[in-house]
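Each structure below is given as structure tokens.
Look for subunit A in each of the two complexes below; its partner is subunit B in the first and subunit C in the second.
Up next is the complex of A and B:
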């Protein structure tokens, strides 16, 4: 019997969210098929790769990252270099130093860094907060205000602070907003519902439905992706048709596979930097083939590899 | 499983306001009821223009264009005994939000409405009756089989025939209620879609009782596999029950605000 190929088509599609301005603006989402099923339908403009930098400078970064940014003396320098990283589509500034339990930098200081970074680049910018819900509720609206007109994506609004961040980012300053839920599909949907009820349009929302390093509860991340996409495409669930962005570097570079020195690790593990890159690449690939419309990475080798991976499957 | 399809029944010429609106081609009352039903969560809207013997085709065209034009091509069920009117309505119907529904065919005199649906790539509501209410499920399923075979011979997808077991009134036919529910299970086991005028069951009951009975009926019918119903979507209790059953059946994903959607 001859093989009859049947396209796995959906009548629904993932929405499109544009970030950035001008020629370098990018569109996240837009697909109406399972990831990379380009033979069945459209993948939109395809998944995008973000290059992460932080307000904490380069001291704690892996050697390969330090080498890449060698000679940079300011956040503007680092930002320009991040923009130039081969394979990257956008820059992500993570304001990790805002965490009151960490460096506890002031909102003013962090906003100034965000402004410096934003002014230095012409590609789209994503600004991630400190992960502290109170601090982010104060910090991200100020960033939204300072970067008005740049069409940046602010991450993230959570259940506890979506009103402050959603209202400022999307409504007052016309930026895009990330809705973050930690591998809880019902909450992922609920956040999108309440944000749209607040008046934020669906075209201004990108989801972060949770992230983990491969091997660290990662199966929950993936099963959440699967269920989000099954509802979005299979059940035409409008409240789950937002594109998904997944921070990868911030998860994978802190696990022991990426940090244990060779002297402390089992013999067969090999050089620490190679392991870190492998963790970052493996995690990103698994996210991309499951649902992610954008991944956030930081090592130049990972960015180049993942970018090539996407191109070869599109 | 797909979400339960509600077909809003409130644009019906039995209502004096709607009758007058059709007679005088006055859009206001029709648009008002269309909006109320869509706001309340209806998927399809039924458009009953009555027998419309004089001006059926022209009237149905007017109604279809009026409602679809004002409400983003909302999908419609075209409800009249006048076949020419249904065909005329389909000729101006925009399919972007769903196929038109022919309401309705049966296994007797109105069998030819299946032909009409087949010729126009429409969905058809197929009443499992050849006139009187079927005496039992053997008879219901015989009508179902006959209509299914007829539709498929004409090249229809089986899922485009939505079988109606005919809901019967509790006050007078209480002993037949479980039989209707069992028929729905048989349709479902055959992979068929089903629908019906669910609120028939509560006919003649006090006004405050009807939403309760209708909600119980829809929950039991959805458990049996009912995929659609012709309802009053402005009945909040009924719509809340349908949305809750959709969650329990996995037809929609739960979120705390699911009743708002």
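Up next is the complex of A and C:
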């Protein structure tokens, strides 16, 4: 009997969210099939890769990252270099220094950095906050204001601060907003519902439904992806049809597989930087084949590998 | 050792001795000073307030105490420890768990009507309203020198002759007064007897001239509320009705905390005393006083309660109920008497206990499911009992399946800052104007009664109205501003139902975001249980023909609003029926009818129990339901929020 291929078609599709302006603007989402099932339908423009830089400079970065940015003396330089990284589609500025429990940089200082980065590049920009809900509620609206007209994606609005961030980012300054929830399909949906009730349109929301390094409770992340996608496509659940963006680098580069020096690690583990890249790549691949419409990475080798991976599957 | 003096407002003064570092709440409980502590003293409910009059305490100020209140000396008993001699004022509000006993006014007829309707339905279902208690008129020969048979044999022979039953038992309580009654009545007496095929038991004896009423007592022992009725066991007439808070509340709001408390040294006695001596006996005394009835003329009692409550009522060791594999001491028991557990009615009165079918589905549900009559119809119905434990029974004349979920005390006003039972001053219904956001109420009590707080039905209305009028969002957070909406220094929003000057209490009556959140979790527990059970059976909501909602949460529920907040499934309004306190009604029928008692046992043994904690999707359903009305709005097509 000949093999008869049956296409698994859905009548629903993931929404499209555009970030950036001009020629280099990108569209996240738009697929109407399970990840990379291009034989069944459309994957839209395909998943995108973001290149992460932070306001903390390069001192703490792995050697390969330092080498890539060698010679850069300002955030503008770093941003330009990040934009030029082969395989990257957009730049992500993570304002980690804003954390009151860390460097506690002032909002003004961070907004100035964001402005400097934004002015230096022409590709789309994503700005991540400090992860402190109070600080982000103050910081991200100011960033949204300073970068008006650039159509940036601000991450992230959470249940505790979605009003301040959602209202400023999407309503007042016409930017896009990331909605972050903690690995639970219902909490993800609830946040989307209250954001849209606030007046933020579904086309301005990108979800971050949770992230982890592979091996670190990662099964929850993946199972949430699966279920969000199944509900979005299978049940046409409008409040779960936002594209998903997943920060990977900020999770994978801090676990012991990526940080333990060779002298402290079991013999067969090998060189520390290779391990870090492997963690970043493995995690990103798993996210992409499960649902992510964009991943955020930082090592040039990872960016190149993942971008190649996406191309070969499209 | 330091001296701790409790001055109970409007009451006595109690002195206790304690070591440094001991918690005030524990000292109070040990010394029998009633302080309300529904959260078992972990600082989360804020109800155990005491006022420092002199001395010092090591005390943490929590979010429940404002700066001014702290300066005035208010402290939480559970967050305060002894550092020296101290004198404390215990506000009367601390004994509010007793919530002023309510003796119902039976003249209105509404209360009585529910029982009357149930009685008719039960009789229509072919269940005879007949029990084995009766009053026998007995005439004996007056003894003489020729006829020297002792009094007890004389009575036994006469009763035997009258009933045709050979064996007659005369208990001690009758023996002691026998000689006097027989002679006062010239050996023509009335006996209150229980007749079974092999034995006649004489409970009491009266001169034949006396009007004898066989009293019966039906009690619903809820985790939060205890309700009771006093009835004429022959006619079924209701002589009295009363309810009060369960005295055990100060040992914890839920069954688990009660069991833990009961496992402590002396705990079983404390918990038993709290429900028997502080709750049921006063209720009986009040009802008897109001109706002029004598408590020792109550010859039978019927109890419907959850498994933990009937264990604690009997003073049975209950710890295995909360520990895997969750085995109770009994499901059924038929040899319990009033004197065993200190209920102040006739000491030989038999206590009928509605059967349990699981550690968390008890006699309250078997009695309730019986009275809902869902076992007697071919159509599939759903029975929901809204209590501290929410219980559901789904089925028809062919099958019954039940499950229980932990809803918490919110439906009875617990865990809600302005919550109260459905007694005088409770707001039982409410509407809110969309434009002005001004509320209008219906309040329990005489006309002109000022609002004191919210009972369950009022809570459903207030939250539904806040949501439908766009004042709170789906997460229960305030999104509109106005003169009735306040935010405290922590940013927590609240809605003022009645300002201090219009309220029947010393502060504003308001509902906070924390209250709303607690209530959303309670309604989420109910709805997710409904969904889980239906999914488990591959049923959809439109396959349910009728929904019977029970619970002592007010005179009635606005079903439209219960759907608006996503507590009950979105099906046509005419399918919903509120049947009041069904476990009390069930206990009432078991009292009146031996066949009904048998039927409850039969219904119980035909009921399958679904343990929700073993269904993997339950937690998901729960989170999805903790939203107004639900994360999946397609389940509630008829719910719309107003906007301008």
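By definition in this document, the second predicted complex is superposed on the first by the 314 of 314 C-alpha atoms of A that agree within 3 Å, B and C clash if a C-alpha of one lies under 4 Å from a C-alpha of the other, contacts with A are read in each partner's own complex, and residues count from 1 in each chain.
Following the convention adopted for this analysis, contacts are C-beta pairs under 8 Å (C-beta built on N, C-alpha and C of every residue); 3 or more make two chains touch, one makes a residue touch a chain.
Fair warning: this is a prediction, and the values are worked out from it, not measured in the lab.
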| item | value |
| --- | --- |
| Superposed partners subunit B and subunit C on subunit A - clash or fit | clash |
| Which superposed partner A:159 touches (first subunit B, second subunit C, both, neither) | second |
| First, second, both or neither for A:56, with subunit B first and subunit C second | neither |
| Partner chain(s) touched by A:194 [first = subunit B, second = subunit C, both, neither] | both |
| Subunit B versus subunit C as contact partner of A:185, first or second or both or neither | both |
| Segment of subunit C intruding into subunit B (one of 387-395, 567-575 or 603-611) | 567-575 |
| Residues of subunit A contacting subunit B in one complex and subunit C in the other | 185-187, 189-190, 193-194, 197, 237, 239 |
| For the subunit C and subunit A complex, residues of the former touching the latter | 473-475, 479, 620, 623-624, 626-627, 631-633 |
| Complex contacts: residues of subunit A adjacent to subunit B | 185-187, 189-190, 193-194, 197, 227, 231, 235, 237, 239-240 |
| Interface residues, subunit B side, partner subunit A - complex | 2-3, 251-257, 260-261 |
| Subunit C contact footprint on subunit A (complex, rising order) | 159, 184-187, 189-190, 193-194, 197, 237, 239 |
